[in-house]
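These are the structures in question, set out in turn.
Two complexes come next, and they have one chain in common, subunit A, joined by subunit B in the first and subunit C in the second.
What follows is the complex of A and B.
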């Protein structure tokens, strides 16, 4: 396997130009929402609103002002995190979602049956169905480009290098240096999100430099795999089955009683 | 200041971001908190149209500061390299003496030649001149034509003798800068009103923010550090835009920030090749290489009288005869001879102001028959109602664009046609539409904002009938030349004798396209009669017709048929100081920092190791450095000026500003500006407040106002309660200008799908407006609808003791394309800068109501 490849997105030098969104759509030939004429969202300068099947990069705009002209405007280009432990890959029933030789997570559109299990399984809300393909889609980290030694379209187009592409090991090193620099300059709220291999999901191959709580950017504080709740859900599953069985027995008994009383049959509440 | 660089020049903004990571302090002074402000260390909000008050405050603060007065660098730079020491004549009276105007103000002298100059007033600049020169104002630009003797002809066309005779006396100076008539003392006095309190009163910028900016700029100027300013159209699009830029130049000269790496004023030009379009101009008032367009209003009857009027005897412009004759040889080839003044009489001459607004005003009066509209969308342009009134009166209109723009469809889809106010059947204009190529479909060059030419290559054939703009004009020229080939009328001799040799030697696809290399050769120049012997630089140009060169400033970019330097792509290695001279080619002479002799001290040594750029090498006897020296290469720092000499001989070894007639950076501009030798704060043509700086003068006394009556182009009076808010217009990253290159493209249009107005939370609450509500915006010219975007990135400011709301609108929309919206330029007025006729789209007043 080649070295793990990923993105380091430094939000402190993002200028919100959305070149990443456009370059991604151009390279991957993704359609625009509503034929390119959706309604204004009113969410600052963000009119694509979220990552989904036709938006594989999304720039969030967060206005934080106490009073006019006094505050900050955060911008962050969001993308699939290419988790080391990927929920989507874990739940995919057809094997359409694979881990590539670059340690990235890719959905093979021709194998996907559109069951949507991955959509629910992603802790970041990255995946959705592309209405043109009818299959679940997301960032491939430009598998076709990096296989040929090219940089992904978004990082190539990023004018300020807010999005950087490289080996995860080298990007982490660079990102830690950048955090040290920001701290030295007095920006002490700067930290890395997803750069820790011992952290949640075994680390994110696409990680971020943020300056506020993850929730501010629409990211979970503690992302989890769907299987992390497996023990709990099994318990509920077993209890539920027992309850249903009891209700069933009660129901049958009631029906027999009703028949005996020669009254119209009414299905009991909770009957399977 | 005056730029929203992150949003409007996002690719170039890579470098400020790189500088930020290297520890630079970034400052944004702007009425809005934009994507640029978001990345800057300081955002200082100011009211739109108050930039000179802010810059004037900086000048006053700098001159009074401890640092400026203690650090010897500043005084040495200013006293030696600028005209600070020059004495101004006693006749000059400042705005301080005349309550807001300069001496020489008078009624506009309408000569009845052209009705669209639109000046409110006019200055006679004779009293502004250097001491001892006011009697003969033309000294600074040569000698009146009638004093030139016939027979003053030598091997250089006789022009040298003409200039020598017209050489003005050396300016009187006081190097101590103490004399009250020195430029330095006049500047100091002129800006003494611009205190931090006054800055706050006029601009609305809180005092502490202004002082933070002032201190950062002072700390980051000096021998070891430089400060750079970047501006764009938010400085130009005012009735005093040129003065705003001049005010910044004045500040940067005082801080020693010119001619040095990391200094200067960056004019962020428009996309791709706007710089090129003024170098090889599409401007009406300029011919190639920034020479004035011949005018019937000036003594331009003959080549000689033009040159006498337009050529300063000292400084590098003294070579203008060589530039102009080489240009005329390019225009008229063999037909241009010394006997016929190189075809001077065939050259078109202007009547007056033929700029955009003047032309459309004339068009609306039915005085323009036809128009070629290539890459422009005037149907949504300034005071759009008047512009479309003009379009309707044309007999014919050619639109060449990528899409059917609003200008191509105004006759059936404009609001006034949709509403039935104007009937499509009543419009008699014949409209032709030519589909255009895109950039990857042809060879050519871009000239970017750094004056750098970069060649680009065709990647594929254009689809269908799409053709380049050069194809269009090439084919048009060939057809016109064929039509006039046999004409004997004097007026047709220009087109008959025009040389037009751009057919490719080898066929190009699609057929009929001209050769881009041949056009570049024409611009670069060659030895007359031997087109394969290219010129290697403008020093080779001659005034006797032996050289042919369309644009002297580009001379040397294509020094041989096999060497197109604009195609060079060799950057300097990382970590090595240099100017990347092997990447593209920058005019003039591949210099990257202009006036870079100023990067060394008067004795020729770098001001500091950190800011080393170009310096004098004593052993080699010449200027050396990382860049191409912008100075006479072997003129020693100690060389004295030749009092009788012309051109560069008239300048000394410590005169870095070689294009200026005295070799100095001009703090005070005695000649060349229509609205005063020093910048002064004036209110925009429409303002909610009286001018707090000069009660006696509200706005520029000489700005341009195309009066078209109440219905067409009315202005709100000062403080008009019907229009209480200040409005500014701007662009978004997601769209391009009038939208012709973005509103048809789904990937861009979905990013900003609807027209909106940004307004503050306070105003929104006052008016009961929520985000996404439809609101109506009105000015005396018209009213439009847009969605509200309520934000704290814009808001109310305290201006002269009053709370004034500021709102802003992007102006990219129209009635065509995937995403459509009202035309914001319905709101703007036909008012403009007196020097360059640009409109005031950045500051006016409006009302905002829930629709």
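What follows is the complex of A and C.
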């Protein structure tokens, strides 16, 4: 297997230009939403709104202003996290979602049958159906480009290097250095989200540098694998089944007893 | 604090999936009731046993069709069962409810069909001659026991499937599988009462009716446990779907049927008072209280699936709802 590849997205230097979104849609030939009809979301300058089957990069604009001229913008180019333990891959019943030789997570569109289990399983809300294909789609970390030694379209287009591509080991090293630099410069709330291999989901191969609570960026604090809930839920299901079986058998037994009690007593003649 | 599940996306499991959960539950529950009667019932229960097999088979077929229609690419439904790139290897994951559920539904459908064929042959329907090994004897009883197990599985895996996600409401409590199993049993008993009220033995109908009442009490307790274990996601019920759950499921689907079963005189009193139209309606309700109760249980069971699914489906990714969260 090749080395694990991923993205390091440093949100502190994102300028919200959306070049990554455009490059992604262009390279992957993703269709326009509603035939290109303009849509205003009311979410600051963000009219993409969210990641889905036709938006595999999404620049979130977060306005933090208590007073005019007193606050800040947070901008984050969001993408599939290519989780080391991926919920989508786990639940996919068709084998359409695979882990590649680059340790990335890819949906094979020709295998997917559009059951949408992966959409509900992803803790980040990354996946959705591409209405043209009828299948679930998301970022492939430009599998077609990196197989040929090229950089993914989004990081290639990013003018500030907010999005960096490389081996996960090297990116983590670089990211830790960047956090140290920010701390030294007084930005002490800077931290890495998803860079810890011992953290949730075994670490994220596409991880982020953030300066506020994950919820502010639209990210869960402690993302979980859906299968973590399988044992508990199945156990209670089995308990329910057992209770119903007992209710049924006790009811049938009572019916027999009631009938025996109402019948006139007859002298016992051997076994019934 | 907003639960982490509010940062996921809705899978749009809606208008094919709600009826599937409802019909699949009835099918699984009907087979389970038949299995109970095969093992612990007696000769007069035969017509109910057969009806349970028929309902299970029809439900499994309709359920399969609904599931296929729900797919984004219905022609690829078989990818659920076989690895299309590596034939003839099976696509089976023991940790993915949608995967083992597809196989479970297949197995259930096969056993239900065999049981229904045996029943139809015994009744000499469709010109069939009886084949006794599918209608009596130890092999048949073992098959029915296995089918009863599959029946529970089909009734309950749908709840487990919803829990094994990262979606609000569904993933926040471990009780959905148990809740759906209870609702499956109550709706199946109600269906059997409706189907066989004129044909089944009175004692069987009475047993079905009291079994249904006991299951409804259990269902109510599980529903309370489900809501109590939701944590902060309980907020999802503060709205339209909460009203549906309270009025449609709890009141109309559980409490009124229980009252009809245990306190029929309450409804007689309305009838005797002859209070215009309302009195006539209630008098009829009282006269046909088993029918009324069964219909209400079915409506409640459908609304339960609808409310549980739609309460979560309606929740958008948290960032879209409140731009700056904490």
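Everything below uses one rule, namely that the second predicted complex is superposed on the first by the 237 of 272 C-alpha atoms of A that agree within 3 Å, B and C clash if a C-alpha of one lies under 4 Å from a C-alpha of the other, contacts with A are read in each partner's own complex, and residues count from 1 in each chain.
One rule holds for everything that comes next: a residue touches a chain if its C-beta (ideal position, glycine included) is under 8 Å from a C-beta of that chain, and two chains touch if they have at least 3 such contacts.
Computed from a prediction, not measured in an experiment: that's the story for all the values here.
When both complexes are superposed on subunit A, subunit B and subunit C fit side by side without a clash. Once chain A of one complex is fitted onto chain A of the other, the partner contacts of A:19 are limited to subunit B, with no touch recorded for subunit C.
Contact with both subunit B and subunit C is seen for A:63 once the two complexes are overlaid on the shared chain.
Of the two partners, subunit B and subunit C, it is C that touches more residues of subunit A. When both complexes are overlaid on chain A, the residue A:199 reaches neither subunit B nor subunit C. In the superposed model, A:229 makes contact with subunit C only, not with subunit B. Look at A:44: by the touch rule set out above, it reaches both subunit B and subunit C.
In the superposition on chain A, contact is made by A:221 with subunit C only, not with subunit B. In the superposed model, A:32 lies in contact with subunit B only, and not with subunit C. Of all Cα pairs linking subunit B with subunit C in the superposition, the shortest spans 12 Å. Comparing the two complexes, residues 44, 63 of subunit A contact subunit B in one case and subunit C in the other.
Subunit C meets subunit A in the complex at residues 2, 4-5, 7-13, 32-33, 36-37, 40-41, 70-74, 76-77, 79-80, 83-86, 91, 93, 95-99, 102, 152, 156-157, 159-161, 163-167, 170-171, 174-179, 181-182, 185, 203, 206-207, 210-211, 214-215, 218, 222, 317-320, 323-326. Residues of subunit A touching subunit C in their complex: 41, 43-44, 49-50, 52, 60, 62-64, 87, 90-96, 111-117, 119-129, 133-136, 213, 215-224, 226-227, 229-230, 232-237, 239-241, 243-245, 247-249, 251-253, 255, 259. Listing the residues of subunit A that touch subunit B in their complex gives 12-13, 15-19, 21-22, 25-26, 31-40, 42, 44-45, 47-48, 63, 65, 67-75, 159-161, 181, 185. By the touch criterion stated above, subunit B contacts subunit A in their complex at residues 6-7, 10-11, 13-14, 17, 20-21, 23, 33, 35-39, 43, 45, 732-734, 745-754, 756, 760-762, 771-772, 787, 789, 791-796, 818-819.
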